[in-house]
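Both complexes shown next keep subunit A, but they swap its partner, so subunit B is in the first and subunit C is in the second.
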Partner chain A sequence: MKNNLKSMKLIKCLIAVVIALLVPAALGGSSYLCLIASFVTIYIIGASGLDVLFGYSGQISMGHAAFYAIGGYGAGLMSKYLGIPLFISMFLAAAIAAVIGALLAFPASKLKFHFLSLATIAFGEIVYQMACHSPNKITGDFNGFFSSKLSIFGLKLDTNIKFYFFGVACVVVFLLVKQMIVKSRTGRAFVAIRENTQAAEGMGVNVRKYKIIAFAISAFFVAFAGSMYLGLVGYLHPDMYLQKQSVLFVTMMLFGGSASLAGPVIGAISIEIILEGLRTFEEYQMLIYGILLLVVIVAMPGGIVGAARDIKAGFLRRKAKKQAGKEVQ
Partner chain B sequence: MKMFIQLVIMGLALGSIYSLIAMGYSLIYKASGLMTFVQGDILTIGAFLGLTFYRFLKLPYIVSVLLTMAVAFVIGFLLEKGVIRKLLNKNVMAIYIVLATIAVSYIFQNGAQAIWSSKVEYFPTVFKTDSISILGVGVQPESLLCVGASLLCMVLLHIFMTKTRVGTSMRAAAMDPMAAESCGINVSMNTGITWGLSAGIAAVAGIFIGPMYGVYVTLGAKIGTKGFAGAVMGGYGNMYGAMVGGLILGLVETFVAGYISSDFKNMFAYIILIVFLFVKPTGIFNEQAIQDV
Partner chain C sequence: MAPLLELQDFHYYYGNIHTVKGINMQVNEGEMVTIIGANGAGKTTTLQAISGLKETKGVHGKIIFEGKEIQGYHGHKVAALGLCQVLEGRHVFSKLTVEENLLTGAYLRKDAKNIKEDLKGIYKRFPRLEERRTQLAGTLSGGEQQMLAIGRALINKPKMILLDEPSLGLAPVIVKEVFKAIREINQEGVTVLFVEQNSKIALNTANRGYVMQVGEVAMEGYCKDLLVNEEVKKAYLGG
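Let's look at the complex of A and B:
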């Protein structure tokens, strides 16, 4: 039975990957739509990274745009000034972000929900200010930062379609890694901390250590997503890393449903489509987005996955009731 | 010396704005244990409302202030009743409430842009003279008004909270909701009033700051986030701590901008915020509320 379930899940994932690979054909190879699809792959990795932190270990971050920035600028600066190929510097930048995340988490791990969110907001703003007023203007400050596009060992990803396939490959790898982490001893420690910190501590889980690990992992994910953005667009601007971006990651994660494999994926896809769809309203885009967001939060907290689960549970309950009624008769 | 005095007055004016915002945070946190991200954007709305009443409708200044306060109070009250209370009743994770307040702040910010404009609107001066001299330094009278009126607000709030029936029941509801409820206090009503009051304070701050900075849609967003630094510095949840913390924040920020570099001005508030959270989260007034989240 268990094996059966496992293989069912595997088949579902494979189908999802096949669908993802067919997307460019469905979009008719349109370069613009493929660009959007590439953004979706980037956001899936970012939202999944945040999910490791919030969904599994129960820590909130409202400043993940900082790691997104560290990934983007870090990779760009290393390839520009140190001559490291962009593809390699992407991983280096993500590793640096993970170290910074761990350093931040060391004092932050004792803070509870609201105050952790304040600390991460402060961290996000500090990184934003650094990107705006960098020493020697290495980040280009408000002029933005230009970089060459991504090429992997000579294979140039110069079109959006090519990048999209690279993005899908990254998503598969990162989601596999996420799933491996979550199902491991470390992942179980995360969940224990989320459910009851004191009890976890009592069972011998080193709470601070695992909180730091969760922060580092999610920083790695988000920073890698940030460096992918640089590889795709080849341009960064400090205003991309405002608090709005951090909120976007949180929204994507929650919209789909946190602590699940599919949740952040669904969230990233649907939010990106909604935002693109609202672009036709021009200056009213964010207003409508805000209203939509509020309505969704009030109407179905728990996200799409949560709402689907509720509907399913309600259906089963009704069925059980009917059956019980029959038995009485 | 001249520059020093000027910086002190500018710092106090800015600081009193932060104080008002931070006081709203503290009131709400004490009353409902929640954190709101709308304060800053209510400040923006308040500034635009004040602009509408004072410049477009040509009402007297004091009337504009009171009207703005009343409208903002209603907005805050409805926000609590229509959104926050609904979510609390559904027993959702705290993150959804935070996200809901952020969504509301998007609506306010972009709604203000849709209703008024995305340009920087000039707020007409309140007094006839452009500057008055204090110790030989020319000062914009509006900045003195800002300091004075904010201090007046704080004193009035203090009297309201300690001497009136409504204020006392609000404090009781914040301290122990269940006990207050069993004494016949309408806790839900009181939380609503607290949110309304905080919104009213923030909106008034918007009117005070208007003549100095001009009125534009993102006016409040930055001030709102930085106000957290003031609130945490004083001790989150402590009304008096918020006043002191806000004033210190305003002074520090102005002095950094004046003597070091205006590039670091914004960063400094966040460095203060993060350092206080890591080193002394209970703030100057050693407010313990922060620990029982």
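Let's look at the complex of A and C:
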């Protein structure tokens, strides 16, 4: 029975991957639409990273744009000034972001809810300011930062379609890693902390250590997403890392449904589609995020995934009731 | 023989407020000891300070477990020594199922194979938990949640458990059931220290008792003596 469920899940995941691979064909190979699809792969990794932190370990961050920036600028600067190939500097930048995330979490792990979100907002602002006013203008400040496009061991990802396939591969790897983490001892510790910090501590979970680990993991994910953005677009501007970028990650995660594999994926896809559809109303973007967040929090606190789960449970309950009724007759 | 757990001149401060004012306490291996007293006497504070769930900077004096001074330890380190706290009633993980709660309790254990056996043992002790193993813990009744909290502590195979108000908010029939389980656990070799407002059932269950009054130990002794003590009778047993 259990094995059956597992293989069902596996089949669902495989179907999702096949569909993902067919997307460019469905989009008719349009370069612009493939660019959007590539952004979606980047956001899936970012939102999933945030999910490790918020969905599983229960810590909020409203400053993850900072890690997104560290990933992008870090990878770019290392490849520009140290001559490291961009593909490798992407991982290095993500690792550096993980270390910075751990350092941030060291004091921040003592904070809860709104205090933690304030601290992370402040952190986001610090990194934004550093991107705007960098020493020796290494980030290019407000002129932006230019980089060559991504190539992997000689294979140039010079078209959006090629990048999209790379993005899908990254999503598969990162989601596998995420699943492995959350199903492990570490993941159980995260959930215990989220559900009841005091009880977790009483059971022998080193709360501080695991909060720090959660921060580091999510920073790695988001920073890698940031470096992918650089590899795709080849240009960074400080204004990409404003507060609204952090809000975007949170919105995607909550809209899709936190603490699940599919939630951030669905959230990233649907929010990106909604935003693209509303591109003409760009100045109202923050307003739209706000409304979406409100709708989710009030009407479906579990996001799309949670709502689907509730509907399914309700359906099963009705069916069980009907059956029970029949037996009585 | 040295006691398993000992408090020597133990104080606790919430900032400037001196709540526990220098108490001495011993619990020997295999014993079942209770702390009774009115609200605000410092019972729960004492218990939580022992298990490291309070700010360690408020603790003054010594807490000794198995000959080791543990007063500066954080909760997770205390738990790793085999001194487990069963938190006051409702501290189960309400959005996890009963079985997930128990497995999360086994977090410290590295022998994954034997956990299944011990899970069976816990279900045998609390058959109601087995009936509800796939149910969310938040949907259990108060008594069942208390049993789950106890089960979750037991799966770590502790040497000693600390219980905070096991009777809190439970129906009298369920209280009896919970205390029966605690007594059985003690008989199987786990040392027990518990805090209780229901002095009658506490003194009828434990071997020895401490009576706390505004941060101090007012009286201590065998429960059978405390039960007939005039002062205790008047103040805590309703005349």
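Brief remarks follow.
The rule we apply is simple: the second predicted complex is superposed on the first by the 300 of 329 C-alpha atoms of A that agree within 3 Å, B and C clash if a C-alpha of one lies under 4 Å from a C-alpha of the other, contacts with A are read in each partner's own complex, and residues count from 1 in each chain.
In this section, contacts are C-beta pairs under 8 Å (C-beta built on N, C-alpha and C of every residue); 3 or more make two chains touch, one makes a residue touch a chain.
Computed from a predicted structure; not experimentally measured.
Of the two partner chains placed by the overlay, neither subunit B nor subunit C lies in contact with A:V222. By the touch criterion defined above, A:I213 reaches neither subunit B nor subunit C.
Touch criterion met: A:L111 reaches subunit B, while subunit C stays clear of it. Look at A:E201: by the touch rule set out above, it reaches subunit C but stays clear of subunit B. For subunit A, the partner that touches more of its residues is B, with subunit B and subunit C as the two candidates.
Shared contact residues on subunit A (touching subunit B in one structure, subunit C in the other): none found.
Chain contact summary for the complex, subunit A toward subunit C: residues 185, 188-189, 191-192, 195-196, 198-199, 201-208.
Touching subunit B in their complex are the following residues of subunit A: 54, 60, 62, 107-108, 111-115, 117-119, 121-123, 125-126, 129-130, 132-133, 243, 247, 250-251, 254, 283-284, 286-287, 289-291, 293-294, 297-298, 301-302. Residues 29, 34-35, 83, 86-87, 90, 92-96, 98-100, 102-107, 109-111, 113-114, 118, 225, 228-229, 232, 236, 263-264, 266-267, 270-271, 273-274, 277-278, 281, 290-291, 293 of subunit B are the ones that touch subunit A when the two sit in their complex. Interface of subunit C with subunit A (complex): residues 51-53, 74-77, 79-80, 84-85, 87, 91-96, 103-105, 107-108, 152-153, 156.
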